[in-house]
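Here it is, the structure, as structure tokens.
Labels for the chains are A, B, C and D, by order of writing; each one numbers its residues from 1.
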Amino acid sequence: MLEVEVAGMKLRNPVMLASGILGSKHSSLLRIAEFAGAVVSKSVGVERREGYRNPAVLNRKCCIVNAVGLASPGAEVFSGELREFSMKSKTPLVVSLFASRPDEFASLADYFPFASAFELNLSCPHAENAGMVLGVDEKLVKKCVQVIKDVTDKPVLAKLTPNVTDIVDIGRAAEEGGADAVVAVNTVKAMAVDIFSRKPVLSNIRGGMSGKALKGIALRCVWDLYEELEIPVIGCGGISSWKDALEFILAGASAVQVGSAFYYSYRAIEGIVRGLEEYLRLTGEKIKDLIGAAHENA
Amino acid sequence: MYCLRVVEVNRFERAEVVSLKFDRKLRGHPGQFVMLNVFGFEEIPISLSSPDTLMIKAAGETTRYLQKVKKGDLFGIRGPFGRPFSLPAREEKSYLVAGGIGIAPLNYLYARLKEMGRDVVVIHGVRSSDEILFDYPEIATNDGSYGFKGNAVQLFKRLLDTSEPFRVYACGPRPMLFSLYREIKRLGALERAEFSLERYMRCGIGLCGSCVKSGGLRVCVEGPVFRGDEISEGDFLV
Amino acid sequence: MLEVEVAGMKLRNPVMLASGILGSKHSSLLRIAEFAGAVVSKSVGVERREGYRNPAVLNRKCCIVNAVGLASPGAEVFSGELREFSMKSKTPLVVSLFASRPDEFASLADYFPFASAFELNLSCPHAENAGMVLGVDEKLVKKCVQVIKDVTDKPVLAKLTPNVTDIVDIGRAAEEGGADAVVAVNTVKAMAVDIFSRKPVLSNIRGGMSGKALKGIALRCVWDLYEELEIPVIGCGGISSWKDALEFILAGASAVQVGSAFYYSYRAIEGIVRGLEEYLRLTGEKIKDLIGAAHENA
Amino acid sequence: MYCLRVVEVNRFERAEVVSLKFDRKLRGHPGQFVMLNVFGFEEIPISLSSPDTLMIKAAGETTRYLQKVKKGDLFGIRGPFGRPFSLPAREEKSYLVAGGIGIAPLNYLYARLKEMGRDVVVIHGVRSSDEILFDYPEIATNDGSYGFKGNAVQLFKRLLDTSEPFRVYACGPRPMLFSLYREIKRLGALERAEFSLERYMRCGIGLCGSCVKSGGLRVCVEGPVFRGDEISEGDFLV
């Protein structure tokens, strides 16, 4: 009922954990993997990276703004952590990678022989020399995907930024580079100023906005990508209920990723999976038949 | 984030501890913490030591700066966050075991338990009499300069009366918590003890994953207070 | 205390009505002009335009999504409506113009001799042949501003879209074209799907998101534009309280515009003005001295 | 927007009116309206004719389609929105003056006033007996095919007893409302009368400005119900 196949991965349900949320330790990944269709680990680069000073995350009424700055122990150490996960769980593990140049992506793949797939972070909006600095440039995006596809047979997902004039152009570049799917989207550039101290709240000044406020933006990106690309689209941004997830699936998402909703509940994914299940039991349908269904009615 | 203003400052200079009282009560419970944004410095997790005070010990740049705070200064607050201490049953005697600045959240718990008319023993272990912050009767000093000579766990063992129902609440440095944990485990009473743990925190709201401990539990949401049986020995060793 | 001078306009307070909100009739403009520092009228083009069918507006918890489609009676009829306003009110009237080509902007100016300034809508994200289709292209933006500056001595504000890779590039183009200020921002592209009917909610499918969810995005745009441009920045997006307005001013806005907040209260602007007034009475400052103040502390 | 399902359909075929009952009560008051999203057609404003029914008269494409709705069909709803009718004081007698489908919101008001035990007269004017929707005693038909021959305002003038305190509530076509307005103005009773007005609506939430009437008032928020003294003659002439 809930099974989907995305980018060559068979998932028991279409609800994945988004990168960077509780994805740094095998223990939290394991807990979430009990219910998730797949988990994506925190983005990792070749070298250890401190990340930004606190405050690095801000919770507002309708959104989260974060500038964690891709804090990571580096590929070698992190591969040990993730290996532990892969030994204990059957849930597919997607390893998210960041890099400052296309060829760095290639060198990262080797560290994670146990990965079910790789997700390229071409979209973090606050890292100085990684993420969206590559992801706004069609040529670089294509190149990044190509170099990693050259060194691995595993599926490669390109995670896109909405901070571009036309996300479809970027999605097409990823497709041309050989991506097996695109993930739409990472956070939107945003910030906050504290009126009492009269300073930006985040130490990095600018951050990325996620959560409910992102939903309509992400949904539009999924809709447009679905219309123009051949490869599947994975939806991400502001999904916190089964209704949200279904909205994305109807708009063309083959699967969805859930991040900020864990602020409201550790059972975010469990709740969405259960909700979709109940809904489909009522309608007697299969989730995979609903992917993109709203385009026929539009 | 919202802002609170300091209305009273209490300095314990020899202990390098400061207690800040704010202009508003926080709707929190003993054991919960706030993310305190010290403008120009870092945002750090600090436990409530009462509904409107925080006690901070100098540990690094930010906490050292906090020692010099003045009345009227403004701070950003997110929270209170996290799971508070659970309260004892009427017949249970509570042992509050604190090491150093670990007295902060237990001081708040003590006040709450007293209000409720419960039987409480507070055991506070410090290095020397310089570091005593409250005049609780049961003080242990490592150097014997005041009260019991030894550490808080040793004093706890001496005072604990296992013939009647009891609960243990603990906060302090990792080695102290570990030795207390083993003692409680030996007594087979892990589910009657609660430990306030610390991990590096970024978000405080359960997203970033930096505070995750064994079992996939988040110190900022499922903690910082954990029941003994939710903790494994490894949690004290990281 | 609240006086500001923006783009040559002296405003008694920095809180303006945003374009498209209650800006089609002189009667509603008059009511809002009682408290506003200035009002911006609904965008108008040369010809009458129907706009999109209903549903054209959707209210969600944290945002409004609209695709009204620049419905307008056309310049000639609308000039009569606005003239009535200008005869009855001393509050500066900014006339918002849309066009499908740069030269059309020039032909519009003549209809509104009573305007205090013109605002160029280079940013509506859902009109087929106007708004953001021009506003994503630096050369066109520069050209649009130039042609209207050639035919009028009045101040010209360029209203920018956040749906671009780098809003600062677009802002710079407007500045080079001779704009007297930029307005940041118009709505972000977004949409919604109804899971029961399995259709997009808006008749136009895609719309623009405004309201609270837009605030952090707009604020970041204002911050970045303030750092790079010489001309003043007018902030717009999700402002609904005096605290929001102050946040934008500290981030570099010389004035702010308020739109969706009228969903919560017709007194949105009155409330913001009163709040700022009270705040400044407490601190003993002038609003103009706070413009961009957070940059010094960052 | 949320979705409601039709659980009962009542057709008044000769009047080209349909009454749709939904599976849930809307938390609204008499005089308020909803934005009804008729999937595949338009979203249109429709007044509540009871907490869970809407009555719709065929006027164009969407409302004609609605005549064919079946049990089980789903509709999108935003609202209820707008200002409802205000309620009369205990001693006031209420005259509800409806023209055609204008009976819909007044029917809901009638029910509410009856619940409250108030003195109410409903006057419903229609073109001919074909268009009668409820069996209220005071019916006016233009062609005299039933009840009073004439229009609702003429019948109202005949029935109004100005010797006792009264309130007037009106909904109907513009010319009818205008003639009633002038009558009430003549009586100097504008602040005792309320008129439900119509304007083209897009947003229904006070933003787009398409429903603004004189005085800068929004029919979707400050209305659709206005007191006589909030209305100017021009409002009937647009």
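The rule is simple: contacts are C-beta pairs under 8 Å (C-beta built on N, C-alpha and C of every residue); 3 or more make two chains touch, one makes a residue touch a chain.
Everything numeric here is computed off the predicted structure, so don't read it as measured data.
Counted as hops between touching chains, the shortest connection from chain A to chain D is 2. Per-chain CA centroids place chain A at a distance of 33 Å from chain C.
Inter-chain spacing, taken between the CA centroids of chain C and chain D, is 37 Å. Centre-to-centre spacing of chain B and chain C amounts to 51 Å, using the average Cα coordinate of each chain. Residue numbers of chain D whose C-beta contacts span two or more other chains: none are found.
Each of residues 192, 197, 199 in chain A touches at least two other chains. The touch graph of the protein chains shown is a line. You'll find the chains touch as A-B, A-C, C-D. Put simply, chain A touches chain B in their complex at residues 20-25, 27-32, 42, 51, 53-59, 64, 66, 68, 71, 192, 194, 196-197, 199, 201, 203, 259-260, 262-263, 266.
Within the complex formed with chain A, the chain C residues making contact are 60-63, 65, 136, 163-165, 188-193, 195, 197-200, 205-206, 209, 212-214, 216-217, 219-220, 223, 243, 246-247, 250-251, 290, 293-294, 297-298. Within the complex formed with chain C, the chain D residues making contact are 1, 3, 35, 37, 39-40, 42-44, 74, 76, 78, 201-210, 212-218, 221-222.
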